[in-house]
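Order as written gives the chain letters A, B, C and D; numbering starts at 1 within each chain.
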């Protein structure tokens, strides 16, 4: 296992190059945990395959004059539609962890979503972001990803801390309250935000007894009434993360979600589910007015272009963040973001789009109609 | 070839891990026989591919309170919908063979189907099950799989023995009366139930003469009139195993079958047939009221969830039984069942189903409509 | 390169086993010539893939009593629907060449089609067939495959020789008059039927001149008027071999063809054409009354069952003939035929067909309708 | 790295054989540059896969008498529909570069398109073509491929030079003004036509600033008004190269394009775009009267036949030109052209087409209808 480089290696030109390098910069058990998906990794592979299967239809001869990639989301201004996803335990990739990634995000004007399961506290992350923005003279929105805790009082405590620290939106993850994992954190990494909070205990029953359904763990899974409760607790925008079903999307928006993240949690939770890009058109149709973000598998600028064309307002970058962090720390994440943004702009130029709103489903070649 | 472990190896977390290990615990010729399918193994591979190709659509935010996996089948209560399939000659995998697998089934409250071709007698298997249930204070239904014998008197004798031993249903297999196999049992393993019963003789003809059609072997294949005869011989529920055709399903139910097992015999009989999961919706439509079980390729809890969503009441676990038996005997089979049940409950939780009846075709993402 | 075995190797159980063995019994250049297809071998691979992609739907519980595989084709009686295809230069596989393969065909009651390009004369092949039939007390129909010669007088001479030698039908091949081949026959093998007949000369033009179109080779390609001429020359049944197009099928039948062979010449002529099994339903619909035979890719009894289900009356076995001949001479071909017939009968039994006419398109699972 | 052979190696029989050999005759960095595509090379692979997926339906028994492959395009006579595509920097493959390839084209009567980015000047290339044609007593049309320069005066200067040198049409490339490339030309190779012309400068901005959209590079991309301007500057036929969108095709023709090249620039510009052969039918329908040429992936005569059947008038040969040049210089390119022409004529013969106009969409097997 090698320490992070102090400069970007010469043979890195895309996000997948960071992945290739990162295998040598992360401890083997942590690497397997980071890279792995549920069961057979079908979803993990399918997330990529579904993106690769889509084809973009170039539109040369369009004017690109005065183009830009700016957008407004939930009333907040973004320079471009690439955000850093909430990725747990970034200390596994680099000692500076989330402090490095948030600094890179600010420098590249990328929105940043801090995870409940960060290895630095949400307060430290926010402080680092604010310091970087002061130094740069510019920044980008900072959001907080929230996991419901076994007791509502602790969920509420996290929410209040995020509000106090200056986070500008809450991203409530609902697709991963129950999953299998055999990974134990190394001693150097902890869930810094949850110090002193009780964890959900899942006590195995006697052989032949209840396994999951009928136990406290299942009974406490986030439900629609929890969404209503949470909505009532804060004036920050509330984004529900982990939606693949058009019906659930409509229910969540009806109960107060301001936006949704279409995601299968990077293929980590249940194997054999659709890729977000596949369900995006149906979710776009189910909630025509809701801002949609998308993650799980974005590795190229053209991937982002595909998601934006099919109805997403922005995309989140997950595992590549850890890869770039492990390879070259804050510089790696900054270079990753610049690379993805450059690729996205090249794609926009090829697609004849001077601005994001010109990117519509027509940019995706419809193989069925050979239109 | 290694003996079975006395405890579960640490690197086993799923049914396929048992398969990987089992290659080292089963004699090479027997291993090829167990693992092999007909001709090119297309069906064997397709059984898995057809399950993997289906995608489940998670439904977060549903309430899971007071969930369970209980069901009633043919008037009999099951704790969960995972049954051990009738697998021949379990002595090939472990000296304790069916005695070990039936004990594991009872401990994990899993229905058990003893094979006509078991390496222990049906009476010994039933006695082991009953002793285990007494010891545990609980158990699970015990069924007997019946192969028609060359003479009806011997078929009837098997049926009466099963009734006398306390089996609660008859699973009549109709898809494997004629097939090719070059495998000879080792001296230590025999068809214990058939001691003293005559086997069908298939005498090769002179070159240029009849090969199969027109010989006694073909003339004696199970036909609809045999189903009617068998139905008239017993008051136990009668389940017809080995149906892939909606038309045959309807005929079998019309002639008295109480339930069906949708199966291609684990890909062992004819190559190039549909996977059970593919034909399940059409069979469900053809016999709307009949309980359907399904086997051939179930290796994950999500596979079971897919079958249940598309109309099966329960699924049968075939080859993995032998794999777990070979690796760790009774403990292996028990751990396999617990693993599969845990996986199924995780899937149910992700799908927002607190009970089995909530699992409907809507849980399967319809790729054609991109609904 | 090893000589043929004098008995069937123990590890041979199917046609593909013969192929595997044959690589060691045929000289390398000849092996490449025999095994190769046009250009990238896409058609060669696709012929197999198209058969493998079809699924048969078993029909248990049907009565198989008094079953058989007999059929009548062009007024001639066949014991089963497996014929040996006209395969050129069998001397490349075994010194006895066509003499061995025709003897095996007679012993297994398989129809035999002698090639214009045989390494023994058509007279010697017919004599061997007739001697074998006398010895056995039974036989099978003997047909002659005709390639048009540069001059009609030589085509007519071949036809008259075939009539005189007792051949019972003419199979006129129309799909291979123009193709590329860099293979030169070894000195021990010749086109025995064509001794003294002039070959078509294809003289390369000056650079920049005509390549193929506009040269005598293209001008002499078999055309519809040649079919009418040939039809007028003989009272034997006339079968046109090498049809993939429904339109050409209808034209050929309208001009006097008594039957067709749906074939892409084993993928040897043009790459990227449909597999015969794919076009069979459309050709069946285009010429509802014409007997259809099919070759190119048949390697298993289930392949033959698929072709028969979709409208073929019989199938031809091509390259496997050479493989079996190379491995074990006359015994090899006889065993190959017995193996394929056994497989076909097993398939018929699984499909609930006691006779060939019961095998209809319903036996093929329709994936599109999930019927 | 080996020098070019002085005669064609004996094991070369098709374009892909040249590719295989060429890897040993081109310097490693240049080889990667020549062979590579955008991002993951999905488009590069898809260009081939889309051609391979189409199947041609042979039509035996058609008359081929008096056949030929001649065509008229933009009022110019071509002996056959295979043209050499504009391929940049042919000096990377062979010291004689474009001088050798244009001589080979003339000898084989193949249309030739000189690239703006040629390693010899357009004047030298034209002179070599004219000298060859004088020597041979025949030739073929000579066209010039134009890249718009940062300033219109330099674009116009190139156009005037091409007119003066005798080029007969202008091929204006519009799909590659903005792309990524890390390749630096070796000292021995230069853009000979552009000596003294200023290159577009793309100065990176400060971190966080504009990346592409909003910079001079994007603002200067060729737009519809540039097409109108260019159309007004010359009386030569104007062909727009790099169209995949039916809508852009219609716009370009409406603004004065005389013909189009359906192309994705050999998969080099943006990854994940359709293959030209896929969009060809829709473009044919969008501009029914415009001559269409097609490139990107043509490697076999059957590929050309597929493109012609679906609406192209001719095809361009790109990378194989460099491969043949590297392997055997002028002789290699000539042999490549003869090979492709022979393959195309074999395909025409199999398809029953004595002339190009007989090649219609009916020659492509429609898998969806199984017609």
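One rule holds for everything that comes next: a residue touches a chain if its C-beta (ideal position, glycine included) is under 8 Å from a C-beta of that chain, and two chains touch if they have at least 3 such contacts.
No experiment lies behind these values; they were computed from the predicted model shown.
Under the touch definition stated at the top, chain A and chain D share no contacting partner at all.
Farthest from chain D, judged by the mean position of CA atoms in each chain, is B. One copy, chain A, sits rotated relative to the other, chain B; on C-alpha atoms the angle is 90 degrees to the nearest 5.
At the interface between chain C and chain D, two copies of one sequence, fewer than half of the residue numbers in use are shared by both copies.
Averaged C-alpha coordinates put the centre of chain B at 42 Å from the centre of chain C.
Averaged Cα coordinates give chain B a centre that lies 60 Å from the centre of chain D.
For chain A, no residue reaches two or more other chains under the stated contact definition. The touch graph of these protein chains is a ring, one cycle where each chain has exactly two neighbours.
Here the chains touching each other pair up as A-B, A-D, B-C, C-D. Here chain D touches chain C in the complex through residues 13-14, 16, 52, 54-69, 79, 107-109, 136, 138, 300, 302, 306, 334, 338, 341-343, 345-350, 354-355, 365, 367, 370-371, going by the rule given at the top. The touching residues of chain C, when paired with chain D in their complex, are 39-40, 42, 174-175, 178-180, 182, 207-208, 210-214, 218-219, 221-224, 226-227, 242-248, 251-252, 264, 269-274, 278-279, 281-282.
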